Amino acid sequence: MPEVPLLKLENIGKEYFGNRVLADVSFSLNRGEILGLVGENGAGKSTLMNILFGMPVISGTGGYEGNIVLDGEVIRFGSPFDALAAGIGMVHQEFSLIPGFSAAENILLNREELNKSLLETVFSERLNTLDRPGMRARAARAIKTLGVDIGVDTIAAEMPVGYKQFIEIAREIDRTRTRVLVLDEPTAVLTETEARILLDALRKLADGGIAIIFISHRLQEIKSLCDRILVLRDGNVIRDSDARSASIRDIAAWMVGRNVEEDRPVRAGTISDEVALSVRDLWVDMPGETVRNAAFDVHKGEIFGIGGLAGQGKLGIPNGIMGLYPAGGTVSLFGREVELNKPRKALDRGMAFVSEDRRGVGLLLGERIDWNITFTGMQVQNRFLKGLPLLGNLVRLRDDDAIAAESEQYIKSLEIRCTGPAQRAVELSGGNQQKVCLAKAFSMRPELLLICEPTRGIDVGAKELVLNTLRRYNEEYGTTILITSSELEELRSVCDRVAIVGEGKIAGILPAISPAERFGLLMMGDVEDEGAQKEAVTGNA
Amino acid sequence: MRHFLRLLLLALVVLLGTWLVYIGREHQVFLDNKTIEVDGQSFRALKSVKVSVNGAEPVELLPRDRDLALVVGPAFRIRVEVMDEWGEEVVKTIDRELTPGFSRDMMLSMPLLAADREDWVRPSPTVQQEAP
Amino acid sequence: MSRLDRGPDKKRNRGVGSLLADYAVPVIFIVISVVAIPLSDFSATYLIQELLVRIGRNSFLILSLLIPIMAGMGLNFGMVLGAMAGQIGLIFVSDWAVVGIPGIVLAMIIGTPVAVALGILCGEVLNRAKGQEMVTSYILGFFINGVYQLFVLYFMGWLIPISNPALVLSRGHGIRNAISLTGIRMVLDRLIPLQVGTVTIPVATYLVIAAFCFFILWFRKTKLGQDMRAIGQDMAVADSAGIPVNRTRVIAIVISTVLACYGQIIFLQNMGTLNTYNSHDQAGMFSIAALLIGGASVSRAGIGNVFLGVVLFHLMFIVAPKAGRNLMGEAQIGEYFRVFVSYGIIALALVLHAWKRLRDRAEARRSLRGPAGKE
Amino acid sequence: MLKKFIATAGWPRVIIGLFLLALFVTAPFVGVRISTSLSDTLVRFGMNGVMVLAMIPMVQAGCGLNFGLPLGVIAGLLGATMSIEFGVRGALGFATAIGLSIPIAAILGYGYGQLLNRVKGDEMMIATYVGFSSVAFMCMAWLLLPYKNPTMVWGYQGTGLRTTISVDNYWSHILSDFLSFKIGTFYFPTGMFLFFAAMCFLIWLFMKTKTGTAMTAVGSNPEFARAGGVNVDRMRVISVVLSTIFGAIGILVYEQSFGFIQLYMGPFYMALPTVAAILLGGASVNRATIFNVVVGTFLFQGILTMTPSVINSVLKTDMSEVIRIIVSNGMILYALTRKAQVKR
């Protein structure tokens, strides 16, 4: 008997402000089937799920192309609540549990069992009291479906992380109508045992007839759990394959894809043997980007890339070195140790930093461009100041002329499109804001430049310009540069060596010209063997 | 349905409010024993009269006296004992029940009452003062 | 079935220090009282009588603060709005000369729509200032006080008819500074008389307060109460679960305002005089101080805190001037001391709460860090 | 054009500005002398200007509106009473008062700043109550401190300071009357304005220094400042100390013009009108300029002087108090609700 697929996506496409992020994505999902969805950051996974879930961000940016067919009917959700009502449940990466509530209360949040009362006929159902025994029973049933043993009265705040994940899933299961369940990286926070229990539970659910879309970067899990695998890259479906027949190596290669060695420009800079930056046993407590134990060396004059999937800790490394988040371990610059946790110390030692959080950390949005560019130079190096004529050099004021002159120079050389140094940073486009951040760092005349996500959120033309600027700066001044980026291709095109970070550790360091699939495997959690790693850390390959 | 019930509830509350005003209103009752002229006729002040409101301790009013009693609620009883000239013997006892209802204050004219006239309940002097 | 073999990340082994911080305020007060009571030379029966009166007078007002705290909106400094609504009710009732229990109930009925309207206004304003609820509701109290004065001092007797000349200022409009509430003075307190020795107990008032406590207990069990607790703990999660966050927050403030309106009426029936332009001012500050002294915090308060607070606060209030005179030879010192304590305690409680919040946040981050830094 | 002006100035300012204009226009028709009212406005402007100026450092450093102004006022009062206690008269006396109150303000401000650093995010509410409780604490202190000067102490007891102390024989109008002139009924307190201008210049100068620049950056984006090597907490403390010192100087300027020192509950509600004034001038919760101070103080004090005289003559009732309450608190509410929309 030919089965009508439960969920069918037909030629889904999506553009954000003229920027295509999804093109012609089609797949179908049967009852009881588990589909593994894999792809790099920015491959379009989350956009696809946002479309499926009717997130307001989609309709707010012009909707999407193509059709979603659920049970033979074309649907178009206006809000996530419509999706829930239609039976599509989603478990997000971040926990959405009320910390002080018990497991039962969280599972039945806003779907509580109520006792009837007279008040409801006059006012609202919300004046009915909760039927606690009923709620407990229902919650216990949902938890039992998962095959785990969690007390329904356990308070969420006191649960281990793994429990929280199960409670989230139980909440979706409790919706009687849930037919499709989407899980976004559910095992990221779990221990191995917990992950195994979760996978078993998912299998059980699927056997009960629920279709599951499972998003994960742990290819092992995908392979052992899923029936089918869908690989997305740059918004396109690269492969829709049977999970059993594909090898992990294949999947990694499909994900990372491209080979760009050909158009790699010849490096003019020279890399000396001298170690500029040496990092050992580094841990950084940066929310969402925890670094657990990182070690690597960067040579003088080198452009060193740090890559890896989001949330693995790559951003924590530069932020920790600069002292912006609580950190420990040893970081030395040219052999002398740098004091951590104090941005001033790092700046004093001639490091400059371009933050990934441009609007939050990188810029004074409400202030003038020239203030932005010269601020750090003024505070750290006492430049752009002039003594007050009357009081000699006791009171030193801002030298607005010097500030403007310095800024003019960078506005010209970096081609910042603005009305002049007095324009406020908030009025610039993303690319130009990024250039202001670069100018701020360049203006420090640093020995070591740490740059996070240099091309995030800027258009293609500006991307090229920013990368070229970095390369040129490295060549002209011999500045050592550490670039952190989620775009592996970008790192491979501009860097000499690239380190891949996984789960807060350096998974491996490879020369940029290594084949793409080796990077892909590292990203998927395949740590290089010990010997190779030692070798890679010191860069004596 | 729910709207109807809410309106009903609202109406009930308004009714309750009205009823509260009705039963909780305090009335100033002026007991007046002054010579009064009505319809061209003159009724002389009584020599001595004892008035008791709602069975309370009686007050004695001599001619030209005016006393004030406070009563609460829509109705009250009044007992008037007209005394003889020496204030010893009760000449006449009158029991009346009055229902001021929602109205505020009133003045009771003793000479008119003693003359058994129906218009012994007069408007309160406070009202007269306000609207000269 | 398989049991997950990992203990809770965050154990509840909070140190003695943080336990002390949680109960610092009541402990300080118990110490102050223990020192000050003998100094004041008051007899036990006098103190008990005074306390019983003050518990009856103030508890209702303080209880009205509980629901916004549950909804995570902090101390509702906007409760003075409710107090004003109650006073408007009392002004009308005095004007219409409705006395006794009917007068009190009628004042509540008149005050309710006013309180609801002010509560909705307050809730809407607070929804525009999330995270700054306390300071906003505090300023809103002052603002509405201006509007209240505009109405009571200028419009009443002019645009709003007031027939009783005893209420109106000699210039022809505006309400007098002090209104004597002879008709409803202590009618609730004396409704059910009970005398134990020389001590009189306002039984009926206590029954009303008990009813209110049951209301709060019941309310916590309702879906609405549950939603408020959810919003109070995590607004974003509650929102994504489909709970109408803004509306629920408005409802919480409306309930609090209406209850504060009733509380003020009960307070004033005991006092017997309405200070038209001052009575509400103190209602907010004293209630909040009392609640905090009872060991409540900005985010957590229960019925127990209310009664502990009202006892401790008013004990201090009664004995401070006398103790001040006996100790320093100056009653004024005691007066100022209790003012200082009322404000100081609010400041202290706010500081402790802010500290605790920052500490908890740091702790939560540390628990996310996992094994980092421990290797 | 008009729309743009309203958009930049903000509705409340336009309305209040027009209201004040209307008051000035109607004044002659109802028999209120423009020259006297203008001169009154200017005097009150000078009296309050420095206190409003004291808001700038804290706002710029992101500590919010200084509801804790009473702390600075207390330092000023201590300086004033001590200078009288020492019996220093005239300009020297005033200088002594300032000289004594600055270190007190600095110490109080330092402690206050440390406290505010530990309660980030709740500064305004805590500042309010710190201000209130310190006023109440000082009420006890005024009674107990061993002041002896008979002009200040309650005559019949010999201890405890009076509620209001006249500074007539010490430094009353010491600034106001310096170079002041009179044209008919119009009196201009030149000295006070010169002093205010000097204070403005000091603030302006400070905001141009390296520290001042860092402070502005802290208020604008603390994360940026931190990444730029600025010690955010230290900047905040400096701003609070400055605000407190200026608050102390501000109250002294106020007193010399007013002629009296008001103790006890006097400083209690000092903060609200001051905060309202700077907001009225167009400042927001985290951005304020000297221009905001000048405009705001003028508008606010203008309304305060004009409403009693004009509205009273028109309506035959004194509505000034109510108008003051509604305008000042309405202004603060407007600022609070507006900030939330942008930031959260």
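A few points about this structure:
The letters A, B, C and D name the chains in turn, as written, and every chain counts its residues from 1.
FYI, a residue touches a chain if its C-beta (ideal position, glycine included) is under 8 Å from a C-beta of that chain, and two chains touch if they have at least 3 such contacts.
No experiment lies behind these values; they were computed from the predicted model shown.
Across the two interfaces under comparison, A-C and A-B, the one joined by more C-beta contacts turns out to be A-C. A simple rule picks the central chain: find each chain's mean C-alpha point, then take the one closest to the mean of all protein C-alpha atoms, which gives C. Between the Cα centres of subunit A and subunit C there is a gap of 46 Å. Averaged C-alpha coordinates put the centre of subunit A at 85 Å from the centre of subunit B.
Distance between chain centres (mean CA atoms), subunit B to subunit C: 44 Å.
Centroids of subunit B and subunit D (each the mean of its C-alpha atoms) stand 61 Å apart. Contacts between chains, counted with the stated touch criterion, involve the pairs A-B, A-C, A-D, B-C, C-D. By the touch criterion given at the top, residues 1-10, 12, 218, 221-224, 226-227, 229-230, 233-234, 236-238, 240-243, 365-366, 368-373, 375 of subunit C touch subunit A in their complex.
Contact residues on subunit C toward subunit D in their complex (touch as defined above): 125, 128-132, 134-136, 138-140, 142-143, 145-147, 149-150, 153-154, 171, 174, 328, 330, 332-333, 336-337, 339-340, 342-344, 346-347, 350-351, 353-355, 357-358. Taken together, the subunit B residues at the contact with subunit A in this complex read 1-2, 5-6, 9.
Interface of subunit D with subunit A (complex): residues 205, 208-210, 213-214, 216-217, 220-221, 223-224, 226-231, 287.
Subunit A contributes residues 322, 324, 343-344, 347-348, 353, 355, 357, 360-367, 371, 375-376, 378-380, 382, 385, 388, 395-398 to its touches with subunit D in the complex.
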